[in-house]
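Okay, handing you the structure first.
Letters A, B, C and D mark the chains in the order given here, with residues in each chain numbered from 1 onward.
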Amino acid sequence: MLRFQPICYHNTLGPHEPVLRIPNGETVITTTIDAHGMDQHGNVVGSRPNPLTGPFYVEDAAPGDTLAVRFDHLAPNRDTGFTYTPVAPNVVEPGFVPELPPRQRVLWRLDRERQTATLAEPTPGLAALSLPLTPLLGCFGVAPAGGQAISTMTSGEHGGNMDYRGFVAGVTVYLPVFVPGALFALGDGHAMQGDGEIVGTGIETSFEVQFTVRVLKGKTIGWPRGEDADYIFTVGNARPLDQAVQHATTEMLRWLIADYGLNLAEAGTLLGQCVVYDLGNIYDPAYTMICKLPKRVLAAIARP
Amino acid sequence: MLRFQPICYHNTLGPHEPVLRIPNGETVITTTIDAHGMDQHGNVVGSRPNPLTGPFYVEDAAPGDTLAVRFDHLAPNRDTGFTYTPVAPNVVEPGFVPELPPRQRVLWRLDRERQTATLAEPTPGLAALSLPLTPLLGCFGVAPAGGQAISTMTSGEHGGNMDYRGFVAGVTVYLPVFVPGALFALGDGHAMQGDGEIVGTGIETSFEVQFTVRVLKGKTIGWPRGEDADYIFTVGNARPLDQAVQHATTEMLRWLIADYGLNLAEAGTLLGQCVVYDLGNIYDPAYTMICKLPKRVLAAIARP
Amino acid sequence: MLRFQPICYHNTLGPHEPVLRIPNGETVITTTIDAHGMDQHGNVVGSRPNPLTGPFYVEDAAPGDTLAVRFDHLAPNRDTGFTYTPVAPNVVEPGFVPELPPRQRVLWRLDRERQTATLAEPTPGLAALSLPLTPLLGCFGVAPAGGQAISTMTSGEHGGNMDYRGFVAGVTVYLPVFVPGALFALGDGHAMQGDGEIVGTGIETSFEVQFTVRVLKGKTIGWPRGEDADYIFTVGNARPLDQAVQHATTEMLRWLIADYGLNLAEAGTLLGQCVVYDLGNIYDPAYTMICKLPKRVLAAIARP
Amino acid sequence: MLRFQPICYHNTLGPHEPVLRIPNGETVITTTIDAHGMDQHGNVVGSRPNPLTGPFYVEDAAPGDTLAVRFDHLAPNRDTGFTYTPVAPNVVEPGFVPELPPRQRVLWRLDRERQTATLAEPTPGLAALSLPLTPLLGCFGVAPAGGQAISTMTSGEHGGNMDYRGFVAGVTVYLPVFVPGALFALGDGHAMQGDGEIVGTGIETSFEVQFTVRVLKGKTIGWPRGEDADYIFTVGNARPLDQAVQHATTEMLRWLIADYGLNLAEAGTLLGQCVVYDLGNIYDPAYTMICKLPKRVLAAIARP
């Protein structure tokens, strides 16, 4: 197990100088700062948007491989977070936009013992609001293909700012590797978040993070994938949502064919009656849709 | 309680001659036939698409009111259903479409005692597949505004072919009333269905149905709404999914403001961290997105 | 040549009682009222939206045929028209919407001798504005398939409210026939209009209209088509624009294959380098895209 | 006037080492290679996608300025070019995709004296096809914001692979400057192209190019703009087309307000009746829509 204390942060996922080389199979404990660059001590040590910790060079990872990252532990490491309100103009009818009040910052208290979030300055209507923490990472990924450096505001095949409330501890994510060492980076912790990130934030805060990497040699995937105790899932990042659905569904079909031995007729029958879609985000430059299949259904499949 | 035995079916929601007048508050027991017109005896007695039972003229319902319909009981009334496979071409990447096999019908056995569905002619990969029934109505609604008669293939403010797996027994739906008597009709039972109806069907079958109507006088809504034990929800029907999200979210904001006394800043804070979106269908001419809010969260709101 | 004086108007395209039976090949002279129901005398004789003259029962027209309608003459028959401003909220970035001023009506003077439009109450910046008239019909079509009656606010395979500035005199439009007699209706004259109808109107006014019908027996098309002296074109009506492009392009490919003897590889080569797309409207419930091919290019094709 | 002979090419627009520093106001004569890396001698000297000549460091250009680039001369410098066929799967109805034949390369002869393109291996249907050359640049732009390096396959606020048939000689384009020196690069010459680049290419070939740069100090724009003898225009790059329209229209409104002294009500009136939209591309990862206003209309505006 390695401990890594970041001293600089990146606002793009790209071919940056690695901050650390980590062996295949290694576990790393580190920290991330919030989307506006604030750390656990309230110091602003990084710049917007979404400053990431890393990149980490994962030994053995080469283009065409897949990088598996298990989120072992994700937890806020300070007692405050922030959101914005109202909902973003792109998630309401265009004619309703003028009714939205000006955008304002909302401060939250994070009770790390009780694992709850409450408003720091509650308004009358929400005075009793107390929400359970479900810490997740909004932004992580690898260096993209073609020598690109892509802003941590957006996402793509390489991961990035997917802002999906399902990227919690216990999940293993799979990312395509485009450059030697993969160059994995992570950040943008949310103490909790609704579907779609429709106010443009989860409860943004700094995190302590533990993750474990594993290289799947010679395994090539097209889009991020993941699994937890109950589901396997695929991720599509694009606009509009329709296209994000297309990427996620196609990636799921490829998975079912390659690893579960189904043909496309069988995969259609299975997905048609059992698929679940989650709306990751409908705020960032690329939207995110998740295509999920319950493991209990997969258990019924006769693998070849 | 009224029992109604249909003798004709409609393929549009519109200003048709009512088949029955029902008092406000009344409960109706009736049957529906499947999407291709087959009844519980295997006889084809209606024509495609989605032949509906009704319309029912609900006394007291006038334009500007809201019609509440509680689905008391929904159950297949025969032992077979059908789906199609593979997934629809619009839910995969355009370049992947040529890999899809030809569209074919899949027959299912419905075990109404065990409440399971199994393939009538199982293929090797899916031989052990057994899925729990979750009967739902794919298509229901009222006569639309402006003298229109709209095909039961599609949906809109008036409801219609929303194909959302959440329209199960126990749900109360709310529909805007555009014409005297509302002219409610229903059909297109699915023994179960995945998110998005991505093969173009749930497990299509005929149903026995019990529902109860209630007129909310002077209550005006813009889009279908609903609630069950755990959630309140709103429905947006449009293409692309982005626009369906806009309708559903705007309708939810209007609900929170009018009935829960929140302002738009508070409503944004609440939805931002607690909203859940379901993908109703991404197959029909209008797609359907559902915007949900947990009742346990609403319980914390101090109503004025 | 028949003269028809309308006494009622319809707000849906559907299976209405025909106002007149017209022989195949006949020419009709009639009038239309503006989008808000005002006639040439300033009397409001119809209701919103887009009250249409008709429907006309065209003898010989049967489902599966195509109805050709040549717009022989289109001209405003009064000296005023109206538009709205500012641009619609859906055509600007969502975050820009709050900057738009309130919607207001703008009155225009139509000089029918000089064929120009000027502002009735010019603002300082636009005091010198004088625009040439290019009269067009915003809304026309036939009764749709499946017994539907569809609002004249929107459009589809049957035509409808396409609001394309190219539907001017001299154009022949082709419409699929879904019901006996086709039931053609027309209205929503615009003295002129920009691409996209981005303020929600052209210069709305009442018209005198002359058109000639012709039935193409046994010729089946999927979407509206048209031609003028310089182009053949196809029309796609849907949201988002991407889907409207798909319908229009697919319909053009079908035309090139069936009537010009090209294969899909040749049709691709031709369209790829020579196609022109016009943005009909991006305001109505269904948007409209036009796919055009110059006749001078078609002249080079060796028909089989 | 400077002559520059490229020896290397870039596949991203980003913070690359400049190949040349050019004074504000200078004219440069250089060459570009085709989208697959082939130069005028038939040698492959660059790699896919769209290898660009440059970047050029323009003296005086600083973040917040605008870079004006006039395309003085654009011409193929060899006698061949290539396209692909059939049309891309995303521009036809999803259900039509399986009918498309396999993608194939099509070779063209470019007659630089007569300024025509003909098929090198004409098929029967297109044997007589001869098209006039209208040489344009498919891809050019500046280094994007935020330290990004973005693939020349796509486009954004910084320009990039817009593939608009209107970027011909005589046009002046305006680009936002995000980094010192702007870092302008260009390539992807098309001997001609239809709207939308629906086969994924124009007639791809190598070019000789002459352009002149000018820095507009303190002038800040949001998206690429341009003008030719007849129009001013703005460019939106995004998916879906609807969003590209939003960016282009908003940018045009900002232009009319800032430089022509109109208010938003006047700008709406003007655009509503006079705007023209061109479909740049509907093939690349970001689509491109152009919003145009005729200069003859602008001539009527009373500037303050």
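Just so we're on the same page, a contact is a pair of C-beta atoms (placed from the backbone, for glycine too) under 8 Å apart; a residue touches a chain by one contact, two chains touch by 3 or more.
As the structure is a computational prediction, the values presented were derived from the model and not from experiment.
Among the remaining chains, those touching chain A as well as chain B are C, D.
Annotation of chain C and chain D: jointly contacted by A, B, touch as defined at the top. With respect to chain B, maximal separation of chain centres occurs for D (centres as means of Cα atoms).
In this structure, the chain pairs A-C and A-D differ in their number of contacting C-beta pairs, and the larger number is found at A-D. With centres defined as mean CA coordinates, chain D is found 34 Å away from chain A. Note on chain placement: the centre of chain A and the centre of chain C lie 47 Å apart, centres being C-alpha means. Contacts with at least two other chains are made by residues 90, 94, 100, 239-240 of chain A. For chain D in complex with chain A, the residues that touch the partner chain are 11-12, 14, 49, 146-151, 153, 238-240, 243. Within the complex, the chain C residues that touch chain A are 88-90, 94-95, 97-98, 100, 240. By the touch criterion stated above, chain B contacts chain A in their complex at residues 83-87, 90-94, 96, 99-101, 104, 106, 117, 119, 123-131, 192-199, 201-203, 239-242, 245-247, 249-250, 253, 260-279, 282, 287, 297, 300-302, 304.
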